[in-house]
Amino acid sequence: QSRDVVVFAAASLKNALDDAAAAWMRDNSGRRVVVSYAASNALAKQIEVGAPADLFFSADLDWMDYAAAKSLIKTESRVSLLGNSLVLIAPKGSQARIDLRPGVDLASILGSDRLAMGHVNAVPAGKYGKAALEHLGAWAGVKDRIAQTENVRAALVLVSRGEAPLGIVYKTDAVSDPNVTIVATFPESSHRPIVYPVALTKDSANPEAVAFLAFMRSDKVKPIFEKQGFTMLSRAGSGS
Amino acid sequence: MILDVDIYHRQGGFSLEVRFQSDGKLTALYGPSGSGKTTIVNAIGGLVQPDHARIVVQGRELVDTKTNIVVPKHKRRIGYVFQEGRLFPHLNVRHNLLFGRWFTPSGERKASFDHVVDLLGITHLLDRRPSTLSGGEKQRVAIGRALLADPQLLLMDEPLASLDEARKSEIYPYIERLRDEGGVPIVLVSHSVAEIARLATSVVVLSEGKVVASGPAAEVLRHTNYFAQSGLTEAGALIEAQVSGHNAAYDLTVLQARAGALSVPRLPHPIGTILRVRLRARDIILSLAPPHGLSALNVLPAFISSIGDAEGASMDVQLDCGGDPVVARVTRKSVEELGLKPGLPVHAIIKSIAFDPEALGVAGQENI
Amino acid sequence: MEGLSPEEWTAVRLSLKVASVAMAASLIPGIAIAFLLERRRFWGRQALDVVVHLPLVLPPVVVGWFLLIGFGRRGPIGAFLAEQFGIVFSFRWTGAALACAIMGFPLLVRAIRLSIASVDRKLEDAAGTLGAHPVWVFGVVTLPLILPGIIAGMVLSFAKAMGEFGATITFVSSIPGETQTIPSAIYAYTQVPGGEGGAMRLTLVSIIISIAALWLSEWLARRVRRRVQA
Amino acid sequence: MILDVDIYHRQGGFSLEVRFQSDGKLTALYGPSGSGKTTIVNAIGGLVQPDHARIVVQGRELVDTKTNIVVPKHKRRIGYVFQEGRLFPHLNVRHNLLFGRWFTPSGERKASFDHVVDLLGITHLLDRRPSTLSGGEKQRVAIGRALLADPQLLLMDEPLASLDEARKSEIYPYIERLRDEGGVPIVLVSHSVAEIARLATSVVVLSEGKVVASGPAAEVLRHTNYFAQSGLTEAGALIEAQVSGHNAAYDLTVLQARAGALSVPRLPHPIGTILRVRLRARDIILSLAPPHGLSALNVLPAFISSIGDAEGASMDVQLDCGGDPVVARVTRKSVEELGLKPGLPVHAIIKSIAFDPEALGVAGQENI
Amino acid sequence: MEGLSPEEWTAVRLSLKVASVAMAASLIPGIAIAFLLERRRFWGRQALDVVVHLPLVLPPVVVGWFLLIGFGRRGPIGAFLAEQFGIVFSFRWTGAALACAIMGFPLLVRAIRLSIASVDRKLEDAAGTLGAHPVWVFGVVTLPLILPGIIAGMVLSFAKAMGEFGATITFVSSIPGETQTIPSAIYAYTQVPGGEGGAMRLTLVSIIISIAALWLSEWLARRVRRRVQA
């Protein structure tokens, strides 16, 4: 009787991971994958106090690093599995035309309005976004006009509802929402690579978890993840 | 017609079916516990919405379920002394007393705060909360609150039940004045025949939700049998008498009634004042011959007009004292031994002392 | 533990403002709706009761989302209010106050309802016989008698507003100085490794504020109760 | 000593300072509203913790603040009829009545539920909630609740205030029986001198938190001046008399007292029963000669033992009727006109009708 | 709108279980603490009052975090309970119930306190004179009289438990079938594209459940009130 594989995954991975898990369970009938979706930080802290997780799938590197530093994961199993890219969006029908080059002047486009993005210290997409804006020299101009959200989806909703004329979200989120248009994509060089690392937890003794992790690294899941807009990182490896 | 009440109302297993009219300025409701007195008062006050009713007070139609008239209670201008106090716990005594005044048109604020407070002996309580008052103190504040609302109709549900006699006899004259001078019709619920006899101008006797008797006080009170036990002690005739003189030496006041002169303990009323005098049937001794050497000061010559049926040991002998109807309750044995029969001349003997304050009220016009 | 940074002070001040305004603004509607629910039988009463409870039943994020849809710039109510009265909620502290008020509303209403239910109707009747119009009766009898419930409701509303996070951040996001309340600031701390210190600092501030608020409310309640107790 | 009470207690501006002992099985507390009656009863019942007090009931020390003895109220085994009912609103009448019984040791459940319920006339109310009862019905249930707790001490704070006379005179005999047979000491607060005269064996008169008079009922009641207004009507002598015969023809009962034979309306008591008879001072007419042709059946030969001071129009004439002390209240005028003075032989005349049920109670041993 | 998926049904069932257990388990301590706070003056009363209110004042995430530290497998209380009684909260539905119970506790306690405050102490005195020991008095007089408050408190506690999200997911994560309640499931839906449908579906289920709960509570309250009203 094999135990269920328990995955602690960032909530933004839900669609992709649900599909991947379904595919794996179809292929390996009788095995089950159970995914607990929550914020990466909560998951890391939970694993720290002994949560029964086999796999930790974080939305950014910080919390995977935290787990690694606290020896909560099997370092050798860690892999940066998925990648994403960051885009600037506007409500559908927006006339905004922006070229995200160094020195870009977002502030004048915003006027008295707000730029919606994840919390710049807390939410991964926010952190990447801030880095990118800093890189482009636009941060100083907009830093007082930012509406920081609890998660990146909330930033998407703000733009989609027309509350904010601009927002910074993942491409995966932007493509799925018909009410927003992608105005521009941030150059990859403007921020740290957006990666979703996954690793086996230290306490996991479940061989099925190893198998599921292997499955997720296989080519079989590539279409599943890419369908959700993620990129499979080919250079999957130690990934930091 | 001052009061015209016709109510049909069911509550639980109890059904109230009363219809009475009252010409009196003070209508007393009398009846055993649970006979529907409070329910009637509530209907008049607008606290109970009767199933069917027509209630008219001094020409004002308060309720007529036929034509769907229901004057809301806050427009009835009533002062209601509840059976259970109902003081506002969050207001001190002063503000409880003044509560109704806020809603009285300023031109109609007649009752004097100081006078009422003084009368009720609650001056020292004005700054206290109701929760710190004794039972009787609460009741007095409740009376004051109703009086100070300057109502056009005063409803009093056993207002004096837990007051001592001294306090009661201070309050009685005030109620009499309200009745006679204020022109405020009063509905009074009371278990005390003495109180009713002193104050009421009309009486409605209730039993199990029905009217047993109703009419002018003098008439209803003559029928001692309505009043069961207390009838034995308290019922009797109500006659009118005028203060004709004061005897300072003996501290007596002499009253002149049609029945004759009556000496009673000194009264404060000036000569000429018309009083209503209660001659309790139990207090009257009959004598065949004019008595001598008795301590009783009042001897009224009379003719026996009729003798009622025997009830146990006693019979009510109705007398005609110079035109005033008086009733004496004597034993059957005495009736036989003295050979009392209609037409016989007798002497009615009454002690002066029998005229306690409850027996002597001020009579307004046509109050008897 | 170090003192608060200027940004944190800003968040504290803002939280106090938001919580106070949320509490104050929901008071009158809270009393009115509590009265309606407890005393009147009308069509849609059940529905109103459910609506009042929804902020409790639904996850805060969903409430925030509904607020966004309804009171956002493009939302029907938000657009109307902005056009007619110039009242804007989105990305304003007023929006945070609205979110907090709504999240605390079921608590406020329940407390007041309980008090209304325990008022002796006979006292209201007595006031009526003394000539007081029902509106006056409410003002000078019912209202003073339900003060304990109102105070309790205000405490709950204020406390809830101090802790409210999900609906607020979803509705008006977290803008330092405008909508970043203590909980938003705490949230940010908890999301970064090593942020516990900051989170604890602000948590402590919250606790201190709530101690003060509770102390104040107890004091008020004692005064009021002494007056009201029969 | 059945009751030994010594209380010093301040509440707000009121200070209670009372000390009295009572040998009587039924101690009545009498005094104007706000004089501290309820406070005393509360202290005995354990509802008020007095500042300083020693309260001993039948040898049981309930409170002694000196030695820090305070028996908690639930261990005092009392039945308390509160001035304001205090029925449990969430229990129906039956369960209100049975409440105390749950906590009574099963061996001591003596009061018969059916009997008490029947006596109080509340059989039809058993399944009702207190909120649907009338004022008097509530009060009767409250009385029943206290009685059915089979208390070792019964505290009654104006229990009969809002009941009609008929109901009262049904309840009196039950209280008398409790007093005489049950061995349950009773403390009764009452504003009615008639009630006190009928029931009390000891009386404590209070005024403004102080004891004005206390002692055996017969003694205290003779001093009509303690009782202000109501004293005029109700005070008088209490004497003992034995039922000596029944006169079926006239529905009379003949009593034999030391003072002489008294005819009173037919009583249910068997021959030989000892009764306490109240001779109200106001009901007695004095005659120099043996009267003839009077409707009054009772004429008692007497000597004047003393004449009290004048109070207004009246004087209390103390009589010695064959050993029984009797008091007659007559006008000063009569005293002078008849030349009444100590030592003079007179005849005390009393109507049979004057002996209403309140004037005739059953006497236990040594109850007068 | 399609029906619920099996996982969603699981979440619904779990939520009902968690909310019911949370409500039931907090009832007795809630009544006890409400009684203490309302009736007794003891050392530390103020502190207890503050502690009871904390779940309201603090952001749910912080509460969850404290729970994680205190009641986790390695937390002092959690370890003790696990060793001594075999009660394990961490990552079990029991933990979700604990989180919900604690989050609803201030609401429950306040409602009951309000009711206790409005009980006529004279009735308790009367029961005492009739021989009832204070414990009995509480049981047969006070308790029946505060039933309206208890019912209101239970409604609030249950409703709060149905909507509780932050503390729960922080404390016991969101493991399907074990700790994934309706709010956690809704949250997960809101975090991904196309999740709105699922979120709305579950929101509706929540609303329906709360309608049923409110209806039940009103029915109970009416029955009780009829008994209690003086």
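For reference, chains read A, B, C, D and E in written order, and residue numbers begin at 1 within each chain.
Following the convention adopted for this analysis, contacts are C-beta pairs under 8 Å (C-beta built on N, C-alpha and C of every residue); 3 or more make two chains touch, one makes a residue touch a chain.
If you want to know which protein each chain is, UniProt gives these names: B, D = Molybdenum ABC transporter ATP-binding protein; C, E = Molybdenum transport system permease.
Since the model is a prediction, treat every value here as computed from it, not as a measurement.
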| item | value |
| --- | --- |
| Minimum number of chain-to-chain contact steps, chain A to chain D | 2 |
| Remotest chain, chain C as reference, centres from CA atoms | D |
| Separation of chain D from chain E, taking each centre as the mean of its C-alpha atoms, in whole Å | 57 |
| Geometric centre distance via CA averages, chain E-chain C, whole Å | 20 |
| Distance between the centres, which are taken as Cα means, of chain C and chain A, whole angstrom | 35 |
| Distance from chain E to chain B - Cα centre to Cα centre, in angstrom | 60 |
| Multi-partner residues of chain B (at least 2 other chains) | 84 |
| Sequence positions of chain C contacting 2 or more other chains | 61, 65, 166, 187, 190, 230 |
| Per-residue multi-chain contacts in chain A, two or more chains | none |
| Each pair of chains that touches, named by its two labels | A-C, A-E, B-C, B-D, C-E, D-E |
| Chain E residues within the chain D interface of the complex | 122-123, 125-134, 136-137, 140-141, 144-145, 227-230 |
| Residue ranges of chain A touching chain C (in the complex, touch as defined) | 39, 41, 44, 62-63, 65-66, 114, 116, 119, 121-123, 146-150, 154-155, 157-158, 161-163 |
| Chain E residues within the chain C interface of the complex | 46, 49-50, 53-62, 65, 106-107, 110-111, 113-115, 117-118, 120, 148-149, 152, 155-156, 159-160, 162-166, 182-183, 186-187, 190, 199, 203, 206-207, 209-211, 214-215, 218, 225, 230 |
| Residue ranges of chain D touching chain B (in the complex, touch as defined) | 11-13, 31-34, 38, 83-84, 124, 128, 132, 134-137, 139-140, 157-158, 161-169, 191, 193, 227-230, 232-233, 247, 250-252, 263, 265-266, 281-283, 285-289, 291-297, 310, 312-314, 328-336, 338, 340, 349, 351-354, 356-358 |
| In the complex, chain B residues that touch chain C | 45-47, 72-80, 82, 84, 86, 88-90, 99-100, 102-104, 129-131, 145-146, 149, 155 |
